[in-house]
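You will see two complexes here that share chain A, one where it goes with chain B and one where it goes with chain C.
This part shows the complex of A and B:
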């Protein structure tokens, strides 16, 4: 099937599933390992890694419901940006209600960047999705990125009572008027 | 530049630093083998010193050149290369080597005793030298001998300045060959840092400068002048001379270095544009000498060279490289008036300052206390490396009171560079590790704490690096930078700070949330202190009327922001009591703003904080909530007198209403047990409550049954058990007399907040009769919703 939908399958009990998507597969795998390691013993998390969308249809029936899609792109390669851009149309619009986030890596080597930071920022605002930064090549930064992704994933999978993915998205939206919250 | 070098290379012998080679050489020269380790035992030490003295003595007494003299020269060389020469021996040898193209034995006859201070000053003698028939041969031999002598001038400890001055005067007086002069200057450059004083040498600056005209050695002279120049040496006529020379030889790198140094001292004198900085201005200092000094030092480890660093010479020759290596290292502040011995380990990185700082200034190394600063405040000159002031408290005081804008510019320029380069999550930095960056941040923070204000560069750095921050590396230090953001318009700060902070806050762990809240509390405290200070200064200084309004708005917006963050954080973290304490910490300060900080503003915390704290199972949180409510009441009552609040009473009405709502809710819950009734905030349809099958659900949140206080009531009952005729524990039995005992018991258990709230907010009028009535008869004493 062409479109990836968030709610076309039933969730697995107590399991949250994250899909990491990007051209740099070794980095994604390392990040996946870091995520699994970070939530060892505390929560059940499944990590799926893909280089592009659409996902192959033959194993569709074995695939669990995906709670969060993370688009990983590196500032150093235009190819990674193109891959992400090509994959985005294959994601159902309802995913963008908080179940997508962009992760930008390679920020520390900004002088060597082939993609401007603004391009990425613009893309994130266009798709109303949060933008995270983190260098996946360094162990400690990878671990902290994994921690943050787990936090988001827990909410997206509905494991945090009283908060939904859309709720979180609206909270993290930059142009939020705080004073109106008080009334 | 290349010609003297080419000539010279013929004169530089290949010195084997291999100890075996020395040994072989010693054996070949027929001398008793000298011990490998200097000072290993007394006898050998004696032998060495003895040999040297014998050699010098022999050289002195010998009449003709030949094998004997050669042997003794060899001895001197061997000893010099092995264990270095004592200051007085260096004096002797220098004197001999530079006294002119004499027939060496005659020369020695004259000079050696002189050097030891035995006969009249040699200046009388040598100038009357007349070339004799065998001059050519003698001259050549003497040259070779001099070269060898100069080369073996390896100091064991220090070189006396007087020896250098005397040698130089001899060099000027007699017509030494160019090679000798060049070699002497190369030796001076290499050994510059071993000379025990520079003052007298500096007084000969003009003479050194005049040597520039000789093109063959101008490169070395430039290098030497670069080391020697002080601010007061830079004179217009010298600058003219230099520029003249530059037009003659072109823009040579060594000349460029000297010019740029001159320009850094007197930018007004040199207006020509210099090419961008290079990495290497001078040829590297002579490595043979360096190696020799290294080996000597190694050998004499038992008596190490006093505070001499070999890196000094190299640090000079390529100042740019130093910067790359230094990372976030902050040197100690230093000025010129200390001798080498007094300088600390940081001596090498600060030696530029030694040159830059002026003559008359008070030595910064001796500036330790505030009173010293007061005594010498007119003589204090800031170090050239502004970063070094961060470590010195008196200098920070000084920085605080001077009005010079440029000083702050220099500091912030340096700081923003260092922060940018060192920040491990913004930039790949090979020079600084996280640990180093953390230390660097610590230094900045302690300076900020000392000055009680944030540096603008650290604020900018915070805004720039926050979106990229992972929330973990250097967390404590980095968040402390946050607490020093200066009080400004919050609407300007918000897009820079809050957007990234909010995102990070919601996606990170509970510990991160707590530390963010903690630093926001410190930020609020700093803002309140600044505001309080401004208000107190208002009488002396004329501050525009809108400044307090901006401050008020910023503070209230910050409180709203934190309230909003806390509300959601409590939901995210499932009302964790750990987090709740940090939130209550923040609002404890907020509740006391009016009285403690004289800020005409009372902001009530949001419901999202109040109700989780009310319905918590943590007795300490409940107690703190009661205390905060008590403080709110005290502040609100006091603020009724305030004129400004009276003017804006319509706005404040809302505050009073909120407060009254909270007080009612609190009293409803804990005392009157009416919280679930109609028209109360916690109203729940009774039918639903019936379904929970909780008996007496109405009373389930009162002082006895509240989940946070249940342990206390049970414990209380256990203590008074058997009084009177109790068969079993029944919570409902706490009534009348026992109720009052129970309240006293709660006070004994240190629940002071609860007690204070009770005393202030409950109608005490009927407290006398309350012993006999049911507590439910009490009524909450709310604040009047309108200021009087």
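This part shows the complex of A and C:
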């Protein structure tokens, strides 16, 4: 049971690495392609996709340092929630200092929902991580989600001067607290 | 029976987040719900509900009328509060609606009323079809076409039926202004073109709006648990859950039928507090069924979507179609649907 740690490897020069995690494999792949497409020519980004944690140990030495983990779950399937829940214990606590976010898809078709939005919201609040929404099935929405993730990723990888992941988290925090208060 | 006897349907247990998500307006009704919402940490749907019970008022309903409502497939609609609707004018309304339908038919629109204008519209109240005394009375509209041959033994054919009701809705609807009557749930059986026409008439006359009520997979799993928990003397049909596999181009459905006694036994194992059901119990019940299925067929049902639930009490489809089979739990089923309808019109 290898715990995934944010700082146990040296960073690759000028490269940011994002790990997309979730049971919806096709959606993850499409999102990965969108991310690569969005940062073509501007920044070097590596996208890793996994369906669950822990990551296999045999190729551990080839794996770069991971700067941001995105847990993708679909409101439509309980299975995606279960896999995310099962993967979360394999992430080191220091990752939650701004290097984790939850991305929820399938929000627009509410009649299809198998999971209640509150379950997801509760999870994000428990892990003190930002919760993003975006419909990954529609191309334009996917592209904007990709843009957003790249921006977060660059901060997490330390490519933005004067702003760290922890900084970003505390910047996003007021909105987090607001949502808990409101509800 | 006053509302204090039905705590599970009062909003103190929270109001679904759907309300909160659309919480942008500032009507007094919404403000009231907002104050209620603050009491629960995450604004969940009622995380516990009462097991469907029969209401003491149900005894007032004519058993013939109940029998008429059972075993029919009803399409569910939600209805916003009606302006200046009066129970004393029902007779007048039936004349007006009949004239309206006849006029539409003359225009050549698709009104499926039979050959000629020989049809009758009746409004009648369904007394007793309510949870508490404060719920507005339910009423029924029927369109009966009279047969051409005026022989007396020829049966009149019911072309279209629709009924409006509100069961235990009063606690969620405290601030409806005086001029409005709120019957949030509308059930229709008959040609859809007729439903649309009658909907137009209601919209013009009472300034209200009809929308289809769809039931999410989340609420379907609640129904599965609630209806399994009902005590039945004998079970008519197997408990059946229908799951739809999303990925394939042509939809693939998996039907999962369980012996109702087995389902009840499983539920009794999961269920703890008598009289009420919690969200955890519902989740556990569905997860147990899914893991059993996974053990045998290696298919993860939790990755698919629940689209239909049918039990001996009632059967419901995610499209908003329902068939109620058991008169004993009629009120209980309607109470849950009323709750869903109220949350949808918000």
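The rule is simple: the second predicted complex is superposed on the first by the 173 of 183 C-alpha atoms of A that agree within 3 Å, B and C clash if a C-alpha of one lies under 4 Å from a C-alpha of the other, contacts with A are read in each partner's own complex, and residues count from 1 in each chain.
The rule we apply is simple: a residue touches a chain if its C-beta (ideal position, glycine included) is under 8 Å from a C-beta of that chain, and two chains touch if they have at least 3 such contacts.
On a predicted model such as this, the values are computed, not experimentally measured, just so you know.
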Practice task
State whether chain B and chain C clash or fit side by side on chain A once the two structures are superposed.
Solution key: clash
Exercise for the section: May I ask you to decide whether A:118 touches chain B, chain C, both, or neither, giving the answer as first, second, both or neither? Expected result: second
Handout entry: First, second, both or neither for A:33, with chain B first and chain C second
Key = neither
Practice task
Give one of first, second, both or neither to describe whether A:76 is in contact with chain B, with chain C, with both, or with none.
Solution key: second
Practice task
Answer with first, second, both or neither: which of chain B and chain C does A:93 touch in the superposed model?
Solution key: neither
Exercise for the section: Determine, for the superposed model, which of the two partners chain B and chain C contacts more residues of chain A. Expected result: B
Exercise for the section: Could you say whether A:161 touches chain B, chain C, both of them, or neither, answering first, second, both or neither? Expected result: first
Practice task
Report for A:147: first if it touches chain B alone, second if chain C alone, otherwise both or neither.
Solution key: first
Practice task
Quick one: classify A:130 as touching chain B (first), chain C (second), both or neither.
Solution key: first
Exercise for the section: In the superposed model, identify the part of chain C that clashes with chain B, out of 9-17, 189-197 or 297-305. Expected result: 189-197
Fill in the blank from the handout: In chain A, both chain B and chain C touch residues 110, 182
Handout entry: Residues of chain A that touch chain C when the two form their complex
Key = 23, 26, 76-80, 82, 110-118, 121-122, 125, 180, 182-183
Handout entry: Residues of chain C defined as touching chain A within the complex
Key = 17-18, 20-21, 37, 40-45, 214-218, 221, 246-247, 300, 302-306, 318
Exercise for the section: Can you check the complex and tell me which residues of chain A touch chain B? Expected result: 107-110, 130, 132-135, 140-141, 143-145, 147-149, 151-152, 155, 160-163, 168, 171-172, 174, 176, 178-179, 181-182
Problem - chain B - residues contacting chain A, complex - result: 425-428, 434, 467-468, 470-473, 494-495, 498-499, 502-504, 506-509, 557, 560-561, 563-564, 568, 571-572, 574, 606
